[in-house]
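Okay, so chain A shows up in both of these, paired with chain B first and chain C after.
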Partner chain A sequence: MSLKTKKARGIERLKIRYGRMFILPWFIGLLLFFLIPLVSSIAYAFSKVDLSNGISMKFIGLENFKTLLGTNPDYERNIRAAVSSFFTSLPIILSLSLIFAVVLNQKFRGRLLARAIFFLPVIIATGVVMQYIMGNKIGSSGSASGAALSTALGGGDSAMRFSAVLTKLGLPDRVTLLLNDYIADVFNLIWSCGIQILLFVAGMQSIPDQMYEVSKIEGATTWEEFWYVTFPMLGNVILLVLIYTMVDQITAYDNPVMNQAYDFVGKNIDMYGDSAAALWLYFVIVGVLSGIVLFAYQRVFLRRWN
Partner chain B sequence: MKKVMKSPLQFNKQYRQVVGSVFYRLFRLFLLVAVGYTIISPLLQVISNSLKSGADFTDSSVSWIPTSLYWENFSDAFRLMKYPQALLRTMLVPILSGLFEVVSCGVAAYSFARFKYPERNLMYVLLILMILVPVRITLLPSYVNYRYFDFFGLSKLLGKVVGKDLTLNLIDTPFTFYLPSFFGVGYQSGLFVLIYIQFLKGIPKELEEAAWIDGAGPVKTFAQIIVPSSGVAILTVSILSVIWHWNEYYLSGLYFKNPDKYPLAVAMDRLVATVDLNHNIPSPVGTMMAGCLMFILPLLVFYLIVQKNFIKSIDRVGIVG
Partner chain C sequence: MKTRAQYKRYTRSKAGNFFYFFFLTLFGLFSVLPIIYTICTSLKPLEEIMIFPPRFFVTRPTFENYAALPKLLATLRVPLSRYVFNSIFVSVATTILHILIASMAAFVLSKLKFKGCTAIFVLVQFALLYNAYTLAIPQYVIFSKLQIIDTYLVYILPYLPSTLGVFLMKQFIDSSVPDALLEAGRIDGAGFFRIYRQVALPIIRPAWLTLALFAFRDLWSMQPQGTIFSEELKMLPTVLSTISAGGIARSGSAMAATVILLIPPVTVYMVTQGSVMETMGSAGIKE
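This part shows the complex of A and B:
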């Protein structure tokens, strides 16, 4: 008996060593390419950074944050907008992509074609071409041909066309404007669902068929089947999708806070400290919110399902 | 003979089911068509615009179909982006980085999924942090890091001994992408580690335990049991990695200063500016759209080749755990 536990403990110790061995290369890379830059960027946020001759920093405490909040009314507004769009688009993207994934997972004619089309955003949406398609790139470039292009495309062209239809229908202007906003958003939202759909479909495929057979024998309807089999079985995938979507929303390049922080650097090279402060304050806020969402999800859902 | 009588209740239920399924089919059709349109129409718009001459853009009677197919757009974009050179330079980066990431993220995920050690939770928190922290926060420090690349201060130390500056300048070289991929660092790599972890949780442990009992070491177990049984996860990760590295333009825009070294994505990103500088381009918008098409073309070809396997692999990849 005691021999056995001793042996088991030996294996445990061995496993600890092997686990460390396998994580070591990743950790070295993490130090070199992530933690060191991360720490220096925190240092920047509390300093006056001078880039004119190499990099020199002077510690100025909370000065950057004070000027940021004191003299930049835009900043607070942008943060508020970013946070509210974070909370509205997160559930919408999640449920939309879940619905699409359920549909794409069923058997129907033309399923392969439908999947090929639905996964197209995976290829394009992460790239520079997307900016051209949406007209962001061109609109913001402020150039002559840029202006021509953005009128040619109308910046998110489908949305424009819908709004033209709405105006023709004779709806009151207020309603048209409101609907128009939603439609422009729908366009964005659908294009940012690619990876999520992919992960969901992959997850659904790996739910064993027996589960569905049992639920059929028990007399469950399709609706119940979804809520009591598919949804709980997707618990971990939903977590993955949640993380991906949050990152995608936080770091999106058209995010107003991001652009503002970037503008600091663009306007004046001395403002890197301010830019770092702006980004860090934003990240702390959003990071805490994401942490709460993740924690709540794990506590409320995953625990119950397990 | 027994007469089968349907009770009104039963009939009602059946009737409801039929109506429900018809409605559902209509709903599904509507959804597929609407979303398909949202995805396809901007692409068609790009194709149509890429074939328009300068006059077509000002002519309000031309919306989708250009008056004549204006192929010069493509040759202009080809010239301005220095397409062949940029393409050749770019080809290798996604392939090598993808290869590195497939291995490094897999190894890290193996450690996360299969071993218990005191630091694991801390590592997991760092992994999530690595994914969540926006790239822009570490932009300047990363740039400095690559400009004066130094392996934990060793080069500096050695440089002091020799009396020369031994730090490496990695700016304008693809090592800015190879190195993080090699170690599995970066937010995309972090997502790949997560995907692998989910997948590994789904593989039964019995095989590995049998291998352990047979005296196989962890490296052997990893190479001969884990790798062969995670083909689908490897395929998914490698495809996503190739696509994301191909599309990456934000960091490359920072790390590549010399226009002759631009990867294709950066050349594409700068096309608006390039077109503006060349006043004699007859159809600027058409040229940009042609550039877009030429940029995604290799990726589309790649997608068409792998998509059948890809979609099949998604059918089988077990990331539920």
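This part shows the complex of A and C:
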């Protein structure tokens, strides 16, 4: 008996040894290209970094953060802009992609093509190729894509014409401006929905058919079916989509804080410490905010459903 | 009569069909317009490109932009074949290595519960939060210490431990590779590596096809900043920048080159489409 357990333990130990070997190549990579850079970037945030001759840094405590908040009015404004766009685009992207997913999950002819079309932005929305398509403006202004295209559409600034129409309709200027912004933003929003739609559709397909049969027998309408079957069953998928969207929005290239941090280094290579501090402060702020959103979601929804 | 009423309730009305069609077309347009615009511009003759403000559609389509490409490319300092080779070599090699490393790590994280597994998985999820740019300079320091600046390795190595792959793989293995199957493999006398290769890898094919799509997409259009200096080591996007540096007269050809560059990732997507759906289905399952 004791021999047997000892042997089993031996196999366990062997398995663990192999397991460590298996995970090692990936872990070394993670250490070198993620963990070490991460730690040093935290260190940079608290130091005066001199990149002119190799890299040398001097610990200066909270000095970088003090200059950021004290003497740089742009920073606070950018943070505010980033946070408010985070909170407006998050619900819009989430609900838009859920609606798209519901529609794309229906049975109709050409459904595969339709799904492919909505996923297309994910395939080509990276890198240099994308910059050419969107008129080389990525990183300079929020709605570059919308602007470049609306200029091309209809042979003029169609957004301008659109606003002219709106003014003629007698809408107040503020509403017109708001709508205008939204038109330009629609491109950005739709182009950031691809993965979310995919996750939702995939999640809907993994809901067992019996659930829908039961709800049909009970006489639920399609509307009720959505709110009492589909929606709660998607609980974990929504959580995943929520996290993905937050990350995507926080680290987007057209984010004002990101751009400012870029500019620091662009203007003066010695500003790298300030740049790191700007990013870290931003990450802490949005990190806390996302944490609150996630916590609230888990408390309010997931608990009720499970 | 009753059955008919019931039947009616569970199918869509004509208006419903119309609504779906309208809705999908309207928003579908937003996601394809940029691509259609690119294709149209690539077919425009020079006079049409010069029109200001630019028109969306092409009135007299021509292939002269495409025809001009070989001539433009002949003036490159390094032959085009070299860029093509670099792009294909880097994307394919990195994609394969990434899938291998990520699936091995995910297999262990999912199936072997040893100390630190949970901590590592939390780390994986945390790492998903950071994009490459944030860590660019500290990474550069590492590159220079490893002395891999201006080699192929600077493309390949940083991509390998990318955590999205490990995350998707682990979720997929959790939901689709049953422990009993691995146990059966062990009773039949297969070693650890053999179980991984002959039992687990074939089952998780959808997951690695999905990773292949994402990795290929990221690598194909990569243009590293400040880590590659030799022209011989640069990839196809550089050619695109060279062409478009020729100013507005060349923008038609630049668009033509863009269209050509879009073909490989779109092809990879079409091949992997079904698998992507399957993998994403398991991503939302809670650990």
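The rule we apply is simple: the second predicted complex is superposed on the first by the 229 of 306 C-alpha atoms of A that agree within 3 Å, B and C clash if a C-alpha of one lies under 4 Å from a C-alpha of the other, contacts with A are read in each partner's own complex, and residues count from 1 in each chain.
Everything that follows uses one rule, which is that contacts are C-beta pairs under 8 Å (C-beta built on N, C-alpha and C of every residue); 3 or more make two chains touch, one makes a residue touch a chain.
These numbers were taken from a predicted model, which means no experiment stands behind them.
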Chain B versus chain C as contact partner of A:Val201, first or second or both or neither: both
First, second, both or neither for A:Met233, with chain B first and chain C second: first
Which superposed partner A:Lys216 touches (first chain B, second chain C, both, neither): second
Which superposed partner A:Met258 touches (first chain B, second chain C, both, neither): both
First (chain B), second (chain C), both or neither touched by A:Thr67: neither
Chain B and chain C contact sites that coincide on chain A, given as residue numbers: 15-16, 18-20, 22-23, 25-30, 32-34, 36-38, 40-41, 44, 55, 100, 103, 106, 108, 112, 114, 116-124, 126-129, 132-134, 145, 149, 152-153, 157, 186-187, 190-191, 198-199, 201-203, 205-206, 234, 236-237, 240, 243, 247, 250-251, 253, 258, 262, 272, 279, 283, 287
In the complex, chain A residues that touch chain C: 14-16, 18-20, 22-23, 25-30, 32-34, 36-38, 40-41, 44, 51, 55, 100, 103-104, 106, 108, 112, 114, 116-124, 126-130, 132-134, 145, 149, 151-157, 186-187, 190-191, 194, 198-199, 201-203, 205-206, 216, 221-222, 234, 236-237, 239-241, 243, 247, 250-251, 253, 258, 262, 265, 272, 279, 283, 287
Contact set on chain C toward chain A in their complex: 9-10, 12, 17, 20, 23-24, 27-28, 30-35, 37-38, 53-56, 101-102, 104-105, 107-109, 112, 114, 120, 123, 127-131, 133-135, 137-139, 141-142, 146, 157-158, 160-161, 163, 166, 192-193, 196, 213, 217-218, 220-223, 237, 240-241, 244, 254-255, 258, 261-262, 265-266, 269-270, 273, 276-286
Chain B to chain A touching residues, read off their complex: 28, 31-32, 35-43, 45-46, 49, 57, 104, 107-108, 110-112, 114-120, 123, 126, 128, 130-138, 140-142, 144-145, 151-152, 179-180, 182-187, 191, 193-195, 198, 201-202, 218, 222, 236, 240, 243-244, 246-247, 249-250, 265, 268-269, 272-273, 275-276, 281, 284-285, 288-289, 292, 295-296, 299-300, 303, 307-308, 310-311, 314-321
Interface residues, chain A side, partner chain B - complex: 12, 15-16, 18-23, 25-38, 40-41, 44, 49, 55, 99-100, 103, 106, 108, 112, 114-124, 126-129, 132-134, 137-138, 141, 143-146, 148-149, 152-153, 157-158, 186-187, 190-191, 195, 198-199, 201-203, 205-207, 233-234, 236-237, 240, 243-244, 246-247, 250-251, 253, 258, 261-262, 272, 276, 279-280, 283, 287, 290, 294
